[in-house]
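Same chain, two partners: chain A is paired with chain B first, then with chain C.
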Partner chain A sequence: MKKIKTFLSVLAVLLVFVLLLSFFNRLLTPKYATELVEGSMIAQYYGEAGNHDVIFIGDCEVYSNFSPMEMYRQQGITAYVRGTSQQLIWQSYYVLKETLKYETPKVVVFNVNSMRYDEPVKEEFHRLTIDKMKWSAEKVGIINASMTEEETFLSYVLPILRYHSRLTELTSEDWEYLFKDKYSTYNGYLMKKEVLPVGKLPVKRPLADYQFSDICYDYLEKMAQLCAENGVELVLVKAPSLYPYWYDEYSAQIEDFAQAHQLRYYDLTQQIDTIGLDFSQDTYDAGLHLNLSGATKLSGYFAELLAENHDIPDRRQDAAIAAEYEEKLRLYDEAANGGT
Partner chain B sequence: MKKLIALLLAVLMVAALAACDTQQPADPKDTTPPATNPSGNTEPSKPAEEGFSFIYEGVELIPGAPFDPSALPEADSIFTVPSCAIEGTDNVYSYPALELTAYNDGSGEVIYSIYLTDADTSTTEGLYVGDDLARVTELYGTTYTENGTELTFTKGSTCLCLILNDGTVISIEYRMVV
Partner chain C sequence: MPMMNVFIFLAGLAVYAGYGLPGLGYLVAATLLSYVTALLTPRLRPMMWVSVAANALMLVLLKLQPVTGMELISAMGVSYFSLQLISYNVDVWKEKYPPERNLYRFALYVTYLPHLFIGPIERYDRFAPAMQNRRMTVDAFFHGGARALWGLTKKLVIASRLGVIIGAISAKPDSFNGAYALVAMLLYSFQLYSDFSGGMDMVLGISQMLGMPLSENFDTPYFSRSFQEFWRRWHITLGSWLREYVYIPLGGNRKGTLRKYLNTVITFLVSGLWHGVQYLLWGLFNGIFVCFGTRLQTKWKTLDRIGTFLLISLLWSFFIWPDALTALKMVGSVFTTFNYGAFFTTAGTLGLTVADWIILGAALLLLWGYDLWHKALRQWFDRRHVAVRTAVICALALLVMLFGMYGIGFNAQAFIYSQF
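Let's turn to the complex of A and B:
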């Protein structure tokens, strides 16, 4: 009897410890609900996964520039953007791998901007991609691939180790969203309506080396292979930003890769006039990303390419999908027509 | 009583975890260093000692040193390069002869790089865009590192980075060493 009591006591202590740990982990991890909302994009997908013909993968250039709502409105295309800030190519690979566990789209569009980055820019960006990712083999893979020397795997398992200093900096958001989530995107598209016209851009400086790194090619190769294995067409794209400069030498390398793997590559930095972009009104940050006006133009243009060149079907006649998107479009238009 | 002690111990263990002061990176919501500060160093920058410098409009500009825009004539333009999501921006100041990139280290702007944009402007030591490698080594010696077509001369916590094409200098930039 005494042994049973001791066992139950130990069990109770362990239970309390685990509960407290879970509570503090949850409390101290940033909620990404009203600030740094980019950190909640990965998680938003889980509730909306499935039935997309097109999945966009990449960095801020996908979630700022491509609007699935406009693609549906204009061509009846069902699409979702799985983009995160400064998503590095090895992270894109694992995000793609995870996505393919949830659904098999006809086309995956990968924005190749990250080919120019072969090392982490900031640890904080990793967290925006990884913190809210569900635990899976892909999450383990993305952590191992992303960690900087200063980071530990354990700090991803127990965010309390990473965010303990927030204990004294908690805000109302931390309590309000302790047990619920708030999402800000429309099928992964983060709407920004502000206008900051492009001014004088910095000089286009020559680079010492334009060659993409082996590690970037390795992961691009892996993405191509993964898509092929799953019967998904991989399409490479470079979003039409003005800065940082996308050099011709970069584009030539992607073109070579695309040809060698029989993929389509769209360098949209060369199609700015055709798309109809006007960087005096279609950008919210002076030429780096498009605002709603620019994203609407680009999404219409790209949806047409997808429909014509990649046989992406028009789903507007499907009653269930039409009903789902009618509601999504209502919310989207409400946000688009509301205040900034 | 034992249960109470056990419970208290559990609370203490969690509190200890929460309060542990390990060398972890900063909260993403904290002020973070900008994109062109690849070191991620949040320590306030100090003026470089014994480094390369460039005199412009009578003002000595040193990579890694604080930058006071009011000490120079008004820039032709200022291009702000924001981070995708996380706080922190770099400012690229354009002047007739150069572009100066500065980041904010929390206490003020710090010079990250000085890029010469005018072929008629030389380095402090007299190197111009268009000069050949012989002229480079004559002025700066032969102690440099080579990365692709870029030669880097390091002095203190600054460097002079030159890109050559077919033996001719096509780019001159002063940078802070990170």
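Let's turn to the complex of A and C:
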């Protein structure tokens, strides 16, 4: 009896410890609610997963430039963007793998911009992609693939080990969103309405080496294989931007890969005029990413391509989907027509 | 628990190998040399000198590296295990105990993971029986766990924060002198103590969890009334090693007062060299203060303690600044540059936020309280119900996780005393 009592009392203490630890883990992890909202994109998907014909995967060029709401409005395409800031290709692979556990779209569109990055840029960017991801084999995989030398796996399991210094920097957001989340995207599209016209761009200098790394090819190969296994068509795209420069040599390599794997590749940096983009109005950061005006043009153009070349159906006649998107479009238009 | 001992032995080798195979090669070679020469010593007594000379030579070459520029094998913890090997060979030579015939048992003494990198410097006649009778118990597990976590708290909450301030001050000796230098010296006393004794608490705590008590290395040294007392309470195992294998063989206090002073100074010069060739002057000053420090004692204990602490702090300057000349200049600036007003207005720019200063202050108070009542606190802890002990351990773990300074952008992994 005494032993049972001791065991139960120790268990109670450990339970309190685990609860306290969970509380501090939650409190100290950035909420990504009103600042750095890019960090909440991954989690937003879980509430909206399933039933999309098109899934976009990639870095900021997907969540800034492709608006699923416009694609639905113009072509009746149901799409979702699973993009995050500086999403590296190995992260894209695991995000795709996770997505395919929730749904089987007809097409996965992968933005190939990340092919030029074969090593992590900043640990903070990993966190934006990984922090809010649900625990799964894919999360374990993405952590192991992404960690820099200074990081530890444990710091992802126990965010307190990473964010403990925030204890003295907590804001009202941390308390307000302690037990709830706030999402800011429209099917993964992050709306930006500001205009910052393109100015003088840096000189386009030739590079010493244009060859993509083996590691990037490995993951691109894995993505192609994963899509093939799941009966999903993989489409490669390079979103339109003026800078950083997307060299012809880059495009040629993607073209070769696409041909070898019988995939479609759209280099939209070559279609800027056809799309009708005007970088004096359609960008919020001087030519790197599109604003709402630019994303509306691009999404319409790309939705048409998807409908024509990839046989993506128009879902506007489906009553349930129409009702769902009517509400989504209402909120989207409210935001689009509201203040900056 | 023979299997567990095998596991501990292999873990030591594996961790050591992680720092490089050449280093592991040296560790194995030094261990084998010491083992074989000790076996031969009863019949061939000069063999003792082979191992002692080899270990001492390696240590001297390593310590003179900054002067000679000689490329040497980077062997972690060499300063500690070399002294252990020397003590073993000398003790066998002095017939204090017979040589160990079991190579595995002897190798376990050298490679025992908890003490491999920062000590304590154990003697074989104390280590071997303790290892033989090692027994893991619930009480030892809790006591050791709490102690290890308290050590981690000292390291990550106190020493790491102090390191930020001291790093900022020592990086700019031209502008951060006078009051800044004094503050750096005083705070470094706490940094070094928190860092080294924190590391020791971790070593001793983990070892205790394994059922293996190791020698204490600290006994509240900053409560000492003199330098003599300080060196009996700071890095105790090094001090006792130097007394037994340097000071006493030199003649100790048996050959008159002048010779006693000379032997003391030589012993502290050896201690300085053990820390590194750049610390010879520090060793010399310590030797002098040990010889004559008691003459400065008064009838007021607190005054003596403060005086000893201040002098000790001034001497730590040799550890703060990169060379002896800068250190001396900084000590001089304390008495010649009166920029105390400027210090208080710029304290916030020394790398810590107001919150950090508050956490640091609270943690230092906790450290002071613990040092003052540590025996009573340990007894209190040991008598508590296992649930209360669990709660204390959980609270310490949470304290470290929340208030420690560690992680991305902050390297708190290295202990100061692992570099000596």
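Please note the rule applied: the second predicted complex is superposed on the first by the 340 of 340 C-alpha atoms of A that agree within 3 Å, B and C clash if a C-alpha of one lies under 4 Å from a C-alpha of the other, contacts with A are read in each partner's own complex, and residues count from 1 in each chain.
In the analysis below, a residue touches a chain if its C-beta (ideal position, glycine included) is under 8 Å from a C-beta of that chain, and two chains touch if they have at least 3 such contacts.
Remember, it's a predicted structure, so these values are computed and weren't measured experimentally.
Asker: When the two structures are laid over each other on chain A, which of chain B and chain C touches more residues of chain A?
Answerer: B
Asker: What is the contact status of A:17 with respect to chain B (first) and chain C (second): first, second, both, or neither?
Answerer: both
Asker: If you stack the two complexes on chain A, which partner ends up touching A:121: first (chain B), second (chain C), both, or neither?
Answerer: First partner only, chain B.
Asker: Of the partners chain B and chain C, which touch A:9 in the superposed model: first, second, both, neither?
Answerer: Touch partners of A:9: chain B and chain C.
Asker: When the two structures are overlaid on chain A, which partner does A:150 contact: first (chain B), second (chain C), both, or neither?
Answerer: A:150: touches chain B and chain C.
Asker: Applying the touch criterion given at the start, work out whether A:310 contacts chain B, chain C, both or neither, answering first, second, both or neither.
Answerer: neither
Asker: Determine, under the contact definition given at the top, whether A:38 touches first (chain B), second (chain C), both, or neither.
Answerer: A:38: touches chain B, not chain C.
Asker: Common interface residues of chain A with chain B and chain C?
Answerer: Of chain A, residues 9-10, 12-13, 16-17, 20-21, 24, 123, 150-151, 155, 158, 160-162, 164-165, 167 contact chain B in one complex and chain C in the other.
Asker: Provide the residue numbers of chain C that touch chain A in the complex, in ascending order.
Answerer: Residues 353, 355-356, 385-387, 390-391, 394, 397-398, 401-409.
Asker: So in the complex, which bits of chain B are touching chain A?
Answerer: Residue positions touching the partner: 2-3, 6-7, 9-11, 13-14, 17-20, 22-29, 32-33, 35, 38, 40, 76-77, 79-86, 92, 94, 99, 115, 117, 147-150, 161, 163, 165, 170-171, 173.
Asker: Could you list, by residue number, the parts of chain A that touch chain B in their complex?
Answerer: Touching chain B: residues 9-10, 12-13, 16-17, 20-21, 24, 28, 30, 35-36, 38-39, 59-60, 85-86, 121-125, 127-128, 150-151, 155, 158, 160-167, 169, 199-203, 205-209, 211, 243-244, 285-286, 288 of chain A.
Asker: Write out the stretch or stretches of chain A touching chain C in their complex.
Answerer: Per the stated touch rule, the residues are 6, 9-10, 12-14, 16-17, 20-21, 24, 123, 150-151, 155, 158, 160-162, 164-165, 167-168.
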